[in-house]
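Structure below; questions to follow.
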Amino acid sequence: MQTHQAKRVAIIIEQVMQKRLTDVMTEAGVTGWTVLPVLGGSGRSGAWSREGQVSRAGSMVQVVCVIRPERLDTLLDAAFRVVDRHIGIVSISDCEVLRAERF
Amino acid sequence: MQTHQAKRVAIIIEQVMQKRLTDVMTEAGVTGWTVLPVLGGSGRSGAWSREGQVSRAGSMVQVVCVIRPERLDTLLDAAFRVVDRHIGIVSISDCEVLRAERF
Amino acid sequence: MQTHQAKRVAIIIEQVMQKRLTDVMTEAGVTGWTVLPVLGGSGRSGAWSREGQVSRAGSMVQVVCVIRPERLDTLLDAAFRVVDRHIGIVSISDCEVLRAERF
Amino acid sequence: MDQILSLAATNLLSPIILSFALGVAAALARSDLNIPEAVAKGMSIYLLFAIGFKGGVSVADHGIDAKLASSLLAGIFLSAVLPLIAFALLQVMSNLSRLDAAAVAAHYGSISIVTFVAATSVLESGGIVAEGYMVAVAAAMEAPAILSALWLISRGGADARHMDPDLMREIMLNGSIVLLVGSFAIGWITGAEGLARIESFIVSPFQGVLCLFLLDMGLVAGRGLRGGSAVLKPGVLAFGVVMPLVGASLGLVTGMLLGLSVGGVALFMVLSASASYIAVPAAMRVALPEANPSIYLTLSLGVTFPFNLTLGIPIYVSVASALAGG
Amino acid sequence: MDQILSLAATNLLSPIILSFALGVAAALARSDLNIPEAVAKGMSIYLLFAIGFKGGVSVADHGIDAKLASSLLAGIFLSAVLPLIAFALLQVMSNLSRLDAAAVAAHYGSISIVTFVAATSVLESGGIVAEGYMVAVAAAMEAPAILSALWLISRGGADARHMDPDLMREIMLNGSIVLLVGSFAIGWITGAEGLARIESFIVSPFQGVLCLFLLDMGLVAGRGLRGGSAVLKPGVLAFGVVMPLVGASLGLVTGMLLGLSVGGVALFMVLSASASYIAVPAAMRVALPEANPSIYLTLSLGVTFPFNLTLGIPIYVSVASALAGG
Amino acid sequence: MDQILSLAATNLLSPIILSFALGVAAALARSDLNIPEAVAKGMSIYLLFAIGFKGGVSVADHGIDAKLASSLLAGIFLSAVLPLIAFALLQVMSNLSRLDAAAVAAHYGSISIVTFVAATSVLESGGIVAEGYMVAVAAAMEAPAILSALWLISRGGADARHMDPDLMREIMLNGSIVLLVGSFAIGWITGAEGLARIESFIVSPFQGVLCLFLLDMGLVAGRGLRGGSAVLKPGVLAFGVVMPLVGASLGLVTGMLLGLSVGGVALFMVLSASASYIAVPAAMRVALPEANPSIYLTLSLGVTFPFNLTLGIPIYVSVASALAGG
């Protein structure tokens, strides 16, 4: 089956920043992404879990974005502006996609 | 630690199609997969989020399947038959697995 | 944008084992991870879904860990000790990260 | 007319309608107020269980009615026929594609159980009784419309995914039908004695739960309007208000031919006038994936549902009282 | 016998049993009816809190009973001994491996709190009172069975993951034990006055919430049966019905030796007869991961739970009335 | 003093406080007891809706009060000023950075609606009435503190993310403000008649829901203390108890100047004494991401909330009765 090279960017970020991130991505011309829930985690700022949250302040989500390789830098620049001062991580991996006309 | 080459296929698809997809995968001999929840997303057909859903009609899930490289095409053919007319994306990446006897 | 090589380890494991896994990871010096919810799946031990669970006994989660390549083996050894006798899968893939000082 | 206006005013200023309005307003103002999906689902299960149970108890109380069977058949017939009318109307009023028109039509043949619940609560506060088996009629009217719409498409030669057995089972055994019919049966079997045991759960807090549920519906409808209003051309919008009136008229005639009580006629009107936004959208995503969900969801949930809730129900109840109340 | 039959009939036609049956039927018919996990969890928290609180209030009302301590000890003893009997029975009746047999045995020594709740509601509707501290006995019987089963395995030389301190804490402080004991204490401390403040929350809607909760249990049990019935050989299946009767007999003897009231004896029978499907499965996944969960879950939830709910409880209540009702 | 002690004793032994204590104890003992996020969110929506609605009905009953507007303005003023006091206190009592101190200060200017709800329930059980519009004052006091804190930071020259319009909207239209104000309006519009329709939903079960909700708050606070207590140095800890008393004193003066009833004065004290743990933390994560959430969350939820709930409320009510009850 015919597949096409792409990049998969996964951004784990605080839920309060989600809309700001996707807004910036949209401005940068990225229109496809998916948001996945996150139950908990641990990092430099300590461990947290959804259970321990009375507010959404501490919750995080994962925003996944599959894009053409040549658009990667635009996306990273945009994402970086939002993620910069906030906790969270950005990882990029290679992948292939079916139906490239969709990207 | 001993690892083995494999392929990781991630299919984001409407929840109403989930069982149809996994049924087709089972028919094609694929017996291992995991279903992850999705909170929202954006694509050619616009943005959506679980919050805005009164029915499960608009909800999506992510089906992840780790398989031996030689079985990839069988899986993609099967998945494509279900995904074809529907919204959603299929991405494939390389990975390695522990305990290959399990695949 | 400057990125750095890393490894992404995804471990799908029973929820009752989650804390045991992350404890072992912490002991091994791994301090960053994220836990994602899982809705259901299928494997050698049959199919299951959150819907069919009255107890948390059957539920699973996905623990994702992004680490420097040189620390991969430490992590896998630690994880293997917990996963060994249990159902679940461990997959490893290459990725790149922003802000490597965080890992 | 006076009665309609006063009933409409009472209705508009009731806690349930105001809660709905609050939800719409909050969504339009982009507040982050939101009710968790699981809680909303839990409330809808509560409402379905309660309304079904009470219907069954009422049938147990008043004995079985010769009109039950004919009402069910009439309901099935209406549900199957309304999509054809809706489709024809859409061809005239809008320039939707055949596919989108058929998908929309399916929604208007089927029913909205929350509209039905809201109507029973208006009837109750007006002291009007209705046949308890109307909840069974509601359940019977959920599915036939889908088959009609798919027939419309296949007749047009479009390559609709053929109604596979899985989809058929999903439609006929969808959760809300099963819960409605099941709790109706439980209420019927256990009767007044059963009701006594769970009355303080399913009767007393009912109106309050309905308020919070409509708050959520308002939030969802408001968000839908914010995102989807762009796809609704004037013709389509007008259809969202005209079609309920057409449906209600057919419901009125049917209810009167069946010889139902005032409440029964009013509920038949409500069922015919209301449009599905749960079962039918899910079926459409499977069977007609190319149809645009924004159109049918925004129309059904953002236009017709609020119209029925605020103005439609008082109109239908008043008209039923005037014509069938003789 | 007559009493058993009439009680069984009343029981079978009560809203709670019919709701359970509806759930099983919906699941077997593969309807998509389902209650969100969070809502089911919320209802179980409500039920535990209410039953614990009411037990505590009843102890506050009737003063502390000299039999409280002996009942707790007897409960712990029964919970520890029942797995040994169950294990022996399984060796005779089935050809399960030692591992699977021990895992199943652990479930039958422990208890099902929903079965307990359903039994108290049958007692209540029959006007039979029971010692309020039976909820404390229920809490005490949750864990010992697990230790017995692990001892069975280690004795057999199998390499069971040794009972680590974490697992021990998880078992002793599992959510339902803590909530049951905690709300029992709150009820005891605040007494009738505390009850008056929250009565319309924990007493009036109780039966109704139980209906919806059992609807969910029915759905889960039905889904389990659909998927897991293949693993249950006739011998294992028979065990699922025989073991509760054996357990109930021991509970009967214990309750009578303790000199409990009719209601107390009946509840002791119910606790001994019921099998865990929450705390024990979770512990087994950690301690005996190689044991097959399909076997113990399907047996406990798909066979023994429905048996107790429908036939068991009426039998136990009738027998207790006949023998202890002197 | 005697009155304080007896009120404190009654309060400490009420089901709601004991439920909170149970939650804290379970979390500290690392039990896995937990209430699903969706259920906790659902309960908080219920509580906000009920408290807002009842406030509105009470205003509808007693007619509009000339003091409504001045109370709202006073509330806004207090909310804006308290952070400045808190900030100054922190500079003296602790060695938190400017950033952390400002973030903490924002929390103490804003309010905790659950503390408010618990206080109304203490007033009710003491037969003390309060102005219904105090819920509107509560809503008005949520946001101004955030602006004050951000001003403190920008004045200090730190590069605070500037208050963008999105954040402003998020703060002003956050879910709890909208729900509180909206249900207040609905209660006001529908009045006693509206209340009659949903009374058995929003009045009778209220105390019971509050118990379960506080159980969850206890679990969250306990988990927070387990993880976060390390970050709280003695000075910061002391601030968590001193600041509420300072706030309450200002609230007392304000309430008396406004000429409110005893209940109204007590509630003004409670609002001023309580610290936010929902709206403000979310705003701080956006506006001051570098401030350490462990500090402000542990302090507000793990120290000040329990203090107010157990000792604070009885003190404030007693003082208000003594001084304003003349």
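To keep things simple, chains are lettered A, B, C, D, E and F as they appear, and every chain counts its residues starting from 1.
Please note the rule applied: a residue touches a chain if its C-beta (ideal position, glycine included) is under 8 Å from a C-beta of that chain, and two chains touch if they have at least 3 such contacts.
Bear in mind that the values here come from a model prediction, so they are computed numbers and not experimental data.
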Walk from chain C over to chain E along touching chains and report the minimum step count. 1
Least step count from chain A to chain F, where 1 means the two chains touch: 1
If every chain is reduced to the average of its C-alpha atoms, which one ends up farthest from chain A? E
Residue numbers at the chain D-chain F interface: does the shared fraction exceed half, giving same, or fall under half, giving different? different
Inter-centroid spacing, chain C versus chain A (mean Cα positions, whole Å): 19
Roughly how many whole angstrom separate the Cα centroids of chain B and chain E? 39
Please set out, as single numbers or ranges, the residues of chain F touching at least two other chains. 34, 36-39, 42, 200, 204-205
Sites on chain A at which at least two other chains make contact: 36-37, 93-94
Touching pairs - complete list by chain label: A-B, A-C, A-F, B-C, B-D, C-E, D-E, D-F, E-F
State the interface residues of chain A toward chain C in the complex, per the touch definition above. 12, 36-44, 49, 60, 62, 73, 76-77, 80, 83, 89-94
Would you pull the chain F residues touching chain E in the complex into a rising list? 13-15, 18-19, 22, 25-26, 29-39, 42, 125, 200, 204-209, 211-212, 215
Touching chain D in the complex: which residues of chain B? 14, 16-17, 19-20, 45-47, 50-58, 85-87
Using the touch rule from the top, collect the residues of chain E that touch chain C in their complex. 34, 37, 40, 161, 166, 216-217, 219-220, 223-224, 227, 277-279, 281-282, 284-286, 289-290, 293-294, 297, 301
Note which residues of chain C are touching chain A in the complex, please. 1, 3, 6, 8, 22, 26, 31-37, 61, 66, 93-99, 102
